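By letter and in written order, the chains are A, B, C and D; residue numbering begins at 1 in each of them.
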Amino acid sequence: MNRKDVCGSSGLPRPFRLVEVRRENRSVCSFFFDQEMPARPGQFVMAWLPGLSEKPFSLAGASPVRLTVAAVGAFSQAVHALRPGDRLWLRGPLGRGFTLPPEGSRQKLVLVGGGYGTAPLLFLARQAQAAGHTVEVVIGAKTGADLLLGEEFEQMGISPHLTTEDGSAGRAGVVTAVLVDLLAAADSPPAVYACGPTGMLAAVDEVCRQAGAAVQLAWEAYMRCGIGLCGSCEVGEGWLVCLDGPVFGQNPVLNPPG
Amino acid sequence: MPDPLLACRFLDFNLPSPLVLASGIIGTSPALMARAARAGAGMVTAKSCSLRPREGHPNPTALDWGGGLINAIGLTNPGAAAEVEVLRATRRLLQPLGVPLIASIFAGTVEEFRQVARIIQQAGPDLLEVNISCPNVSDEFGTPFAALPDSAAAVTGAVRQEVTCPVAVKLAPNVPNIARIAAAVVEAGADAITAVNTMPGMVIDAAAGRPVLSNRVGGISGPALKPIALRCVYEIRRAVAVPIIGVGGVSTGRDAAEMLMAGATVVGVGSAVCYRGVSAFEEIGRELVALMKQYGYPSVEAIRGVCHR
Amino acid sequence: MPDPLLACRFLDFNLPSPLVLASGIIGTSPALMARAARAGAGMVTAKSCSLRPREGHPNPTALDWGGGLINAIGLTNPGAAAEVEVLRATRRLLQPLGVPLIASIFAGTVEEFRQVARIIQQAGPDLLEVNISCPNVSDEFGTPFAALPDSAAAVTGAVRQEVTCPVAVKLAPNVPNIARIAAAVVEAGADAITAVNTMPGMVIDAAAGRPVLSNRVGGISGPALKPIALRCVYEIRRAVAVPIIGVGGVSTGRDAAEMLMAGATVVGVGSAVCYRGVSAFEEIGRELVALMKQYGYPSVEAIRGVCHR
Amino acid sequence: MNRKDVCGSSGLPRPFRLVEVRRENRSVCSFFFDQEMPARPGQFVMAWLPGLSEKPFSLAGASPVRLTVAAVGAFSQAVHALRPGDRLWLRGPLGRGFTLPPEGSRQKLVLVGGGYGTAPLLFLARQAQAAGHTVEVVIGAKTGADLLLGEEFEQMGISPHLTTEDGSAGRAGVVTAVLVDLLAAADSPPAVYACGPTGMLAAVDEVCRQAGAAVQLAWEAYMRCGIGLCGSCEVGEGWLVCLDGPVFGQNPVLNPPG
């Protein structure tokens, strides 16, 4: 619970220069910057555009820094309007990231992503592979046009299981259906990592609990300070997503802090 | 439960620990305040509330600039009526822990302070803290009441008349002579003093060529505030006899000891939650106990005010 | 010689650099002040002097507490008459370098300010800085003149009458509304404002159970003062049009740029001498030039006040 | 000239507990403390006794910290009154210490000490020997009863040349007389290190200049802040002993800063 142990002083925003923009789907782009950040998958940054606002985004990569952003409102649209050479100020890394199983233990991990929640899982998948683990990925979205990052997982030799709610691509339905199958097929329960809408996370948590699989959930909440002061990111009975999370080992809404 | 060595008296309360959750830090919900108490806070202060709900300032609202924090949250709160419910629920959670609840109020006029006090009084807080020193809303409200002895005393007297619980008045560090303000509010009926609120400051990003906070000006807290707060508490202790909640830059047990030595009766902790998590209370308490044992202080009482001897 | 990019105007002076040696830091001898000028200071300020000589406080008088410095030197100076000789000798050394000399004066009454100004005037300083804000002698002199608009204006007006050179008034950060004090001294005839002096604070040693400085209270300078000073300068710039010597926590070229952006005309450097040696001026200047080139500022003039746009 | 490079933030005084007191002569005692300090010979500390004062003393050793103090007035007498278990608060190390020749270059050094100025030279001699240099030592004092630390040098295998002004021990006269002889006898000029009264240092400097020997002089001056702010330790035309010294490569009074 000691923040300094986790990620040190959060520091001031620093300008990062945009190097490359890659369109991921109709509403999501990835932004690659000119610098690295010593961060773990699951940690986030507060991104500042002077004069506009400052908003939280997960790191989709750290060397170099990569953000994968859905254009949903004023700020994210302004980020989408940035061109290579432009600057975005980032403060972080913030929060506690995912924890991988011990290096060399060569475990089987299942990563479950919904919407732009898939972004930090890409970062996680790279680290997991580098640490010798086997990675399976489930990606869900509303429609096929909203699916994200499938190709990049393919390039890593991972064939993601795709699901869409409207059945326009992959399996029709939600990610938990695939997850249930994967858990049932496994000899021993794999470690599950999930990021996406909170409804999805709650469902993943429930499925894992029943299967006895350890789970790590990257939660989201409305953030202001990002450093554990203002209370605006509280979920459940007293968890701060920015300080205690965003990654939790259980559904924070159902399990109050001890 | 905190170490028994930390048990101490404050006004008529027997506290499990002299560490107090400062106003505005995670004091937004019953669950969060109860969490601070379970983590070892001996009292908890709710976020300051005003008559009507306030959204606060847009982001960026709080930053760690290296030497401490700066914030201009802008007194985000649900308004006094809704706050009563928050406080009631909080009291229910705190009672079994033996941890008193401090409500905090804020207003733009003496009359409005009266009104807010009257409403909050319904929640039955153990202590009412009167925040006359928030630096982050001066664009809206002008110079804080904490700026002058007369205005500080006027608010104190008005609130004092409205409520039956003890009243603490929270002072600002950016005054020429804080002891005079302290004397004035005690004269006007304050039962305790909370010192200090944040120090107005500004963090500028040279690359952007502008202040980082959307409100431009913000309040400095954390390590950079500590020597300022220690001096304020020291000067107040020389001037008045009421209990002091000493707040500002306390992040370690050693800091807490220094604050008590300067003359604080109990010690507020705010920014340390950002640096050390909610378990800051547990850790600071443990460090304070270790220091008391090392230097041979048998009780919190014994450390208080040693700098004045 | 400083990089030509640093050349700038201040009042009627063409300065080689906007970096100014702040009062009280190595401003005790002609040789030391000349050394600061040779190291790249664009102006130098002498130590504040009073009518009669002062020994100052006993040791400990200055400390690095981690977040900045704290000092209570206690205005050690040889008295105004002897100071005239120091200033004359200093001027002779500075003239070939094109570096103006700022004398600094201090007194306990308006009348004594007059007297000191009259004496120091004989040395022909380029600018006279009126220190109405030293926090370290308040036991002797009571609340500083910088505390209230009226008293600040009274000193300013009196000194203004006595001397022919331009007058800068040095303000304190521990006031509720520094812009009002600034407006009052400008109204009373100040040609420039120096902001800010140190912030009163206290450093306590928990092992000793007492304040470390022999004077107990001291003035905080260095990094912890920077956000306070930036805010003060920003608020003063909004209120008055006269040039501002912005001082407080400037240790790097980036700090200097931020101070200019907040609205300073030139930038005082004090504590950085402790952190970086006398070559602080050279190094900060070089860093500022690099930053100006990186962000495309063609002149010091171009950076000034950008936070207000 | 960058202080951070030399010794970092000077920091607050910290309590050191006295472990041992050793009487060196009728007016001087050595004080050994319970902690180390990462310091170089020639650096000094500000020693604080709460309620009394804070005064500068050279480090006569750093692991553990050792001060060798002459009782000359209120503060130094109070230090002499300390007993094992008592505390003295030290702030430092401050200033710039002596620089040894490159390790392995096996040079010949001459160390010249006057009065308690011999104390830092003992610290220096130990480091010089450890670095493989040959050390010769000249110790001077008013009378034999004031000579200092001769035995400790002996224990290190160094036979110090002793001088006393009254001739009561060693050679009658001052240290420079011995130094002149040593310099004359040397094939190539040795590196000279000196600490003592400023009159002695000026004389050593002059002798070395004439012999073409490189010299390092640990100067003294009245100190208040100890960290380069107050100007009270100025010597010559603008040198600060606390910040630029105490060790200078030439007589600071005769050679103004560049």
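Keep in mind that, in the parts below, a contact is a pair of C-beta atoms (placed from the backbone, for glycine too) under 8 Å apart; a residue touches a chain by one contact, two chains touch by 3 or more.
Remember, predicted model here, so these are calculated numbers, not experimental data.
In summary, no chain was found to touch both subunit B and subunit C. With contact taken as defined at the outset, there is no chain that touches subunit A as well as subunit B.
If you average the Cα atoms of subunit A and of subunit C, the two centres end up 50 Å apart. Separation between the centroids of subunit C and subunit D, computed from CA atoms only, is 36 Å.
Centre to centre, using the average C-alpha position, subunit A and subunit D are separated by 60 Å.
Chain contacts: subunit D has no residue touching two or more partner chains.
Chain contacts: subunit B has residues 65-66, 203, 207, 210 touching two or more partner chains.
If each chain is drawn as a node and touching chains are joined, the picture is a simple open line. Taken together, the chains touch in the following pairs: A-B, B-C, C-D.
Of all the residues in subunit C, the ones that touch subunit D in their complex are 24-29, 31-32, 34-35, 47, 56, 58-66, 69, 71, 73, 76, 203, 205, 207-208, 210, 212, 214, 270-271, 273-279, 283. Across the interface of their complex, subunit C is touched by residues 65-68, 70, 143-144, 146-148, 172-177, 199-204, 206-207, 209-211, 216-217, 220, 223-224, 226-228, 230-231, 234-235, 254, 257-258, 261-262, 291, 295, 306-307, 309 of subunit B. Contacts from subunit D toward subunit C in the complex involve residues 1-4, 9-13, 15, 46, 48, 50-51, 53-55, 87, 89, 91, 224-232, 234, 236-238, 240, 243-244, 256-257.
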